[in-house]
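Please read through the structure below; I'll follow up with questions.
When the chains are written out, they are named A, B, C, D, E, F, G and H in that same order, and each has its own residue count from 1.
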Amino acid sequence: MRKVLMKGNEAIGAAAIEAGCKYFFGYPITPQSELPEYMARELPKIGGVFLQAESEIAAINMVYGAAGSGVRVMTSSSSPGMALKQEGISYMAGAELPCVIVNIMRGGPGLGGIQPSQTDYFQATRGGGNGDYRLVVLAPADVQELVDLIIEGFDIADQYRNPVMILGDGMIGQMMEPVEFKEPKKRDLPEKDWATTGTEGKRKPNIINSLYLAPEELEKHNIKLQAKYREIKEKEVKVQSYNIEDGDVVIAAYGTTSRIVKTAISQLEREGYKVGLIRPITLWPYPYEEFQKINDECKGILTVEMNNGQMIDDVKIAVEGKYPVYFYGRTGGMVPTPDEIVKKVKEIHGGEI
Amino acid sequence: MRKVLMKGNEAIGAAAIEAGCKYFFGYPITPQSELPEYMARELPKIGGVFLQAESEIAAINMVYGAAGSGVRVMTSSSSPGMALKQEGISYMAGAELPCVIVNIMRGGPGLGGIQPSQTDYFQATRGGGNGDYRLVVLAPADVQELVDLIIEGFDIADQYRNPVMILGDGMIGQMMEPVEFKEPKKRDLPEKDWATTGTEGKRKPNIINSLYLAPEELEKHNIKLQAKYREIKEKEVKVQSYNIEDGDVVIAAYGTTSRIVKTAISQLEREGYKVGLIRPITLWPYPYEEFQKINDECKGILTVEMNNGQMIDDVKIAVEGKYPVYFYGRTGGMVPTPDEIVKKVKEIHGGEI
Amino acid sequence: MAKARGRVIFEEDLCKGCGLCVSVCPTKIISLDNSTINAKGYHPAIVIEMDKCIGCANCAMMCPDVVITVERY
Amino acid sequence: MAKARGRVIFEEDLCKGCGLCVSVCPTKIISLDNSTINAKGYHPAIVIEMDKCIGCANCAMMCPDVVITVERY
Amino acid sequence: MTVVFEKTKGLTDVQTHYCPGCTHGIVHRLVGEALEELGVLDKAIGVAPVGCAVLAYNYFNCDMHEAAHGRAPAVATGIKRVRPENFVFTYQGDGDLASIGTAEIVHVAHRGEKISTIFINNAIYGMTGGQMAPTTLIGQKATTAPLGRDEAHSGKPIKMSELLATIDGAKFVERVTVTTPGHVRKAKKAIKECFKLQIEGKGFGIVEVLSTCPTNWGLTPEESLRWLEENMIPYYPLGSFKRPKEDD
Amino acid sequence: MTVVFEKTKGLTDVQTHYCPGCTHGIVHRLVGEALEELGVLDKAIGVAPVGCAVLAYNYFNCDMHEAAHGRAPAVATGIKRVRPENFVFTYQGDGDLASIGTAEIVHVAHRGEKISTIFINNAIYGMTGGQMAPTTLIGQKATTAPLGRDEAHSGKPIKMSELLATIDGAKFVERVTVTTPGHVRKAKKAIKECFKLQIEGKGFGIVEVLSTCPTNWGLTPEESLRWLEENMIPYYPLGSFKRPKEDD
Amino acid sequence: MEERIMIAGFGGQGVMAIGQILTYAGMIEDKNVSWLPSYGPEMRGGTANCGVIISNEPVGSPVVVNSTSAIIMNKPSLDKFEKFVNKGGKLFVNSSLIEAKSERDDIDVYYIPANEIANELGNSRVANMVMLGAYLEATKAIGMKSIEEGFVKVFGEERAHLLPINKEALKKGGEFVREQKKFLETKSY
Amino acid sequence: MEERIMIAGFGGQGVMAIGQILTYAGMIEDKNVSWLPSYGPEMRGGTANCGVIISNEPVGSPVVVNSTSAIIMNKPSLDKFEKFVNKGGKLFVNSSLIEAKSERDDIDVYYIPANEIANELGNSRVANMVMLGAYLEATKAIGMKSIEEGFVKVFGEERAHLLPINKEALKKGGEFVREQKKFLETKSY
């Protein structure tokens, strides 16, 4: 297929349709509204349904119903709206329903602002809802990867019967880049024989549920979920890394921030510095092992985020005190510049901090 | 004051009233409904207001309004209901409003069950809402401490203009123990001159707000919030520890789980084992430093939680790879027994795991 | 007295002894059996004079636990 | 022609040139000044023949930006 | 000999957890019967609420989907939009539908979703132990209204059928009760008509059933029926508030 | 010489961010004037919504509290319950009040909270760029209804004043518009009466104002006024739906 | 001294209440105490139990696993909790509702026909107090005066008029145990 | 080759559109491209800008900070972005709306009365295309054919009929620059 230039938000829609998603339930919020708007235009053309829900809460619960009846379905929002979906997401994780949820993050807390940010890392990776559950969290760095991960995300969701979250920032949602729609690697996907589709008199009733009143049963259910999460941790970690065997400093960054970091690294390389990069593509499961490959001489790990330091927790867990961990972040819609990162790396390199 | 025997949930209400809280907005949910019910009986007697909101979302937003107008106010819920409050909590943190929020946790995810659990640790300490914000999170282990922390919690909230969360599990909410109402240590609390009370023609209008459309301003606001969080980290860490200078194994546990651990430790001591305990009372700010005091010979840290392992992240961050970190947890309303913990400690001690 | 036209069958173990059937039977033939406790721990409903049953199904209509089957002759 | 009884004062820099005042002035004396651009980048409303103003305040009533003060004699 | 009444295939053989004499059970039966008699059991998908009926998924003999508290209409919307050929219903209490789920029920009506709702109004939060509902009567005691509901503090009880009837997409709105065999028969008729509306694709339908909660009302099952008749019906008049018009 | 019209002290000197000709501005002025004229500016606490009026806290010359999207009535409830002697109002758009905030507005009416709501119905989501609102008219285009709102898909627009008028605690419900100086004067009268209701402690009051959104309607400000008159008023009839009764 | 008492039965049998009375009484006697309830999944008519700890030491885990005594009001609870009574501990079985006999031979078992005794007193609802009386007689853990004070705390002054019949039930339970104790003393194990 | 272009002005001046056209054209010419918009806090009438990158290498940061060129449509944008043009870079100023002159003497500055030129063409809305034409002429970054293709991509086939007037505007902008270039070439710095 030929490359087309697409805005991130619209590319998400196109990729979802490519992946066979015909149902979208959403609610407007900047900076992701182009996605529901795209779906409103496109889904009816292919016999799908776009529905603007009365709220984010209704939207996620519509997704819950639609996923329960066995189809590929998507919703999206941005930070405050995503906060509202937490209960519903926890229900879907509890009931083991597949779906893809997109969060195009903006500055917070509260109403905050409408500019790009990465400030919902904790919420996405640890669950803002109740209970022990995990979402597979994918953090694309460019529009092509966004498209690829959406398409694969639907497969992952179906394979594990688990919600998948695409965690983007306002930047990736708003920017345009060329994209190509490629077939993902084929996965063996299980039948959705658990779906509520009406018995047709052919089988016992199916029940979609997350309630287990007896603690023994709820524990059993949790054990089953944890086993699934372990399997995902084993099989689905995605990470890109670069120069970590010999970088004097290694930077950890994800999403669009990692691109800014790459520009900074090029600049540093031109100046003769050796700087590595670990770019987690799955934020959960987190690529802890990748950090084991960092060379022993490395002077420190710099975590760069568009927030006040959230992934830094995972970096600390990963390096186990082996290297000092530093942080550079901008917030509220401010975007770090390559120069700022260059400066910070030089400070670490020079032992100034 | 003489000791009285009280159910945890009711003791919360009594303590709040003791702390001068006259306003409560809530919504029923097991296992915390005795708290709103207590408030419904007691607040009208002292000229306060109990109001059952139409939902958890309405309740937290009523708290937002009430806190904005300058009074001490409380809400409470349990896990799924707390998931729904996340947006509102993020708004309050963003607008810097004091209040006390109680989560009496039950098993999850989703609707889960109604039995005790500690499964919202991540949500409480990392924020399930959007944006970089922090709640002061207090985890009492018995009803007396629950009362003390509620009373101090209101002071902390007012001192820092920040929501405070009391994180209890169904056990502490439901159990009865004797309590005494003691005066907390006096704090110098700032005037609430920012509150919306009507100008009375005497001052410029006050505005309660979390919106900053210009990214520069939102970043400035975030920097201010972070400075406040740093101050809280410096001043408000609370932890209890025990035998960590010579324990062969150190257990980390909070809330009622820590009591079960204490019983296990007594049992182990009787059998000649030396076992330490770190019991964080503030889950945020987390007592990372306390872990520095653990003796070098310690064979490992065992984290015990009524979940699938959440505080273990903080323990790993704290020990920086210095000791192996183990986990024991029960979920879904199952409560670990002292024997199970004893067994686990012996395994660690014997190098079996 | 009119000839019996109906018959009711109670699935005794499902009965919760709520008494709603008792209160609506026009012929007043249902009562709660205080001498028995069923598996669920309740005094189940019983009919003593079955021949008086008119098969009106009022009892079944009100039974929240679908304990009763009604036949008519 | 009737003697002028009103006077309107426009705070020009606040005007967004929406034209709502123009459309409701019964004496049709308000227009948008296409030759000026105010601080906000709009063509502001102006009154050419002030003596025709009857001080009816229709313009002020419709102005969303409270640009207009109306006086009457 | 003819069997004039036997258990419907619309219900499973699982015994309910409802308290003795709770009329939730009667309504379950009517729904099961309606599903069976209308021949839609095989294509029915029910949505269970959070409330005493939370375990309804174990009782209705069709595919069932549990919802979050108040969100059953949204869940049902998701299902129905995906499977318009299926029969989709929700079964909700007054806390669920008239309090936390107000927005969801209003908007399912507003959009005219082709689903059917059974609304159990028992003027109380049953499951959580007797807290005040928006439908609790003035003076009625509840654990969160220990002196009885006070109008000055909490307003007058909300009448959901009347409110929903103002919305165009709600095509069938009726309030019934189950306090006598006669009322039970009328309730069944209303439920069947409401379900038929969906089968004919006409829009949203709701049947409000005034129901008892002996446990939290602190009355015997029989006293509860009388209390309902004497107190609830005068405030919540029974009857049809809306039927589809000719052109619907 | 007499000044027959000048800017009210109810508004600050900050210039609004509203688009040229957007009638949000007119309504702001009327609210400011009403607060000033009724003498409650000093004790007023306003609650700003999320919507184009999100920055209203900069414009009203009184204490202001920003709310989360749709939750202004809950925030206002919190304030009023703490400070019954203050004057508390919300100012909300149709996305805010009639969509995400449906439960909150219904229950503020249900409880009869003594607050006043100004409801700006412009049949669109203004701030986020023209998505469909529950009040968008049939056939009206929106970015999420690119071919125009379709009844079969989204139902008929919801009439909030009619709906809220069914609730007992809503004591004053009126729909006005601001398309002509005459309508502006009537709107002001309604707002003042509604506010008086609160001052007299009588219950919840709401004024729905049919308002324009030239930007997202894709019309000039003047065309917008005409479009509103020709399309919105026929569907959303102006007038009073409820006034306090003698005994309220 | 540390008493860890498990009290279990159907909801509605008053197991929570006697646990609370015991706990109050323990507090009145200046012991460290805790009371922890647990409800089964059913809304009504299900099983319910509470664990009470009365101790000279601060209470660690409030969860009663290995109990020193167990007061058992129905069959499912016997099945569930019998095995957790400590060796040498005491088991009180409401024999009105439980036909089965305990399989333990390393503990003292008392069978009390609590419902019958209560019915004789004219109020079937005081069966729980009969059981409590039996417990108190057998263990002497708490004084009767403290129990009476505890009763008023739990049921409030408004229901203090019910104290006489409840006292009577306590007494009858105690008497029944004294009889059985005599028998037990002759037993050797 | 790497062009990093900042395009800025009021909302409604079409800055986003010319950025998109450029980006499309870059892609058509097989370059790596990105387009990143940024809106000011105002809903309407506020400032808006977009950064376009056209490069032979994969695009790293899509944020245009140090630009190789800047197309500036209003005064606030001049104040904001002038300083970020790389030394030796090019600055295009819409002199119809901006009276001020650039203070930089280390870059090429072109003053284009874009609104006047557009008005002459009979459509004030094509001022943006005049500016784009100027940019293309001065930098030769992208071929005109690709730009035309890009135009159709951005505005869709339905508005392809507007292409002629827009082409005219592009041409006029180019012509104007050719004139000014001659002048600039005489300048030495």
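We take it that contacts are C-beta pairs under 8 Å (C-beta built on N, C-alpha and C of every residue); 3 or more make two chains touch, one makes a residue touch a chain.
This one's a predicted model, so the numbers in the text were calculated from it and none came from an experiment.
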Report summary line: The chains touching both subunit D and subunit E are F
**Report entry** Pair joined by more contacting C-beta pairs (A-E or C-E)
**Finding:** A-E
Report task. Would you mind checking which chain's C-alpha centre is most distant from the centre of subunit F? Result -> G
Query raised in the report: Just curious, how far off is subunit B from subunit A if you go by their C-alpha centres, in Å?
Result: 28
Requested in this report: Round to the nearest whole Å and give the separation of the Cα centres of subunit A and subunit F.
Outcome: 38
Requested in this report: Could you grab the centroid distance between subunit D and subunit G? Build each centroid from C-alpha atoms only and quote it in angstrom.
Outcome: 88
Query raised in the report: Among the residues of subunit D, which are close enough to touch at least two other chains?
Result: 16, 40
Query - Junction residues of subunit B, two or more chains touched - result: 51, 54-55, 57, 80, 87, 91, 95, 110-111, 113-115, 209-211, 213-214
Requested in this report: Return the residues of subunit G touching two or more other chains; collapse runs of consecutive numbers into ranges.
Outcome: 41, 45
Report summary line: In the complex, the residues of subunit E that touch subunit B are 50, 54, 66, 68-70, 95, 99-100, 102, 125, 128-129, 131-132, 134, 143-146, 153-154
Query raised in the report: Residues of subunit G touching subunit B in their complex?
Result: 20, 23-24, 27, 32-39, 41, 59-63, 65, 153
Query raised in the report: For subunit A, which residues are in contact with subunit F within the complex?
Result: 27-30, 33, 36-37, 40-41, 50-52, 54-56, 80, 110-111
Query - Residue numbers on subunit A that touch subunit E, as the complex places them - result: 23, 25, 49, 51, 53-55, 57-59, 61-71, 73, 87-88, 91, 95, 196-201, 205-211, 213
Report summary line: The answer for subunit B against subunit A in the complex is residues 57, 79-80, 82-84, 86-87, 90-95, 105, 107-115, 117, 119-120, 122-123, 126-133, 209-223, 225-226, 307-310, 313, 316-317, 319-322, 330-334
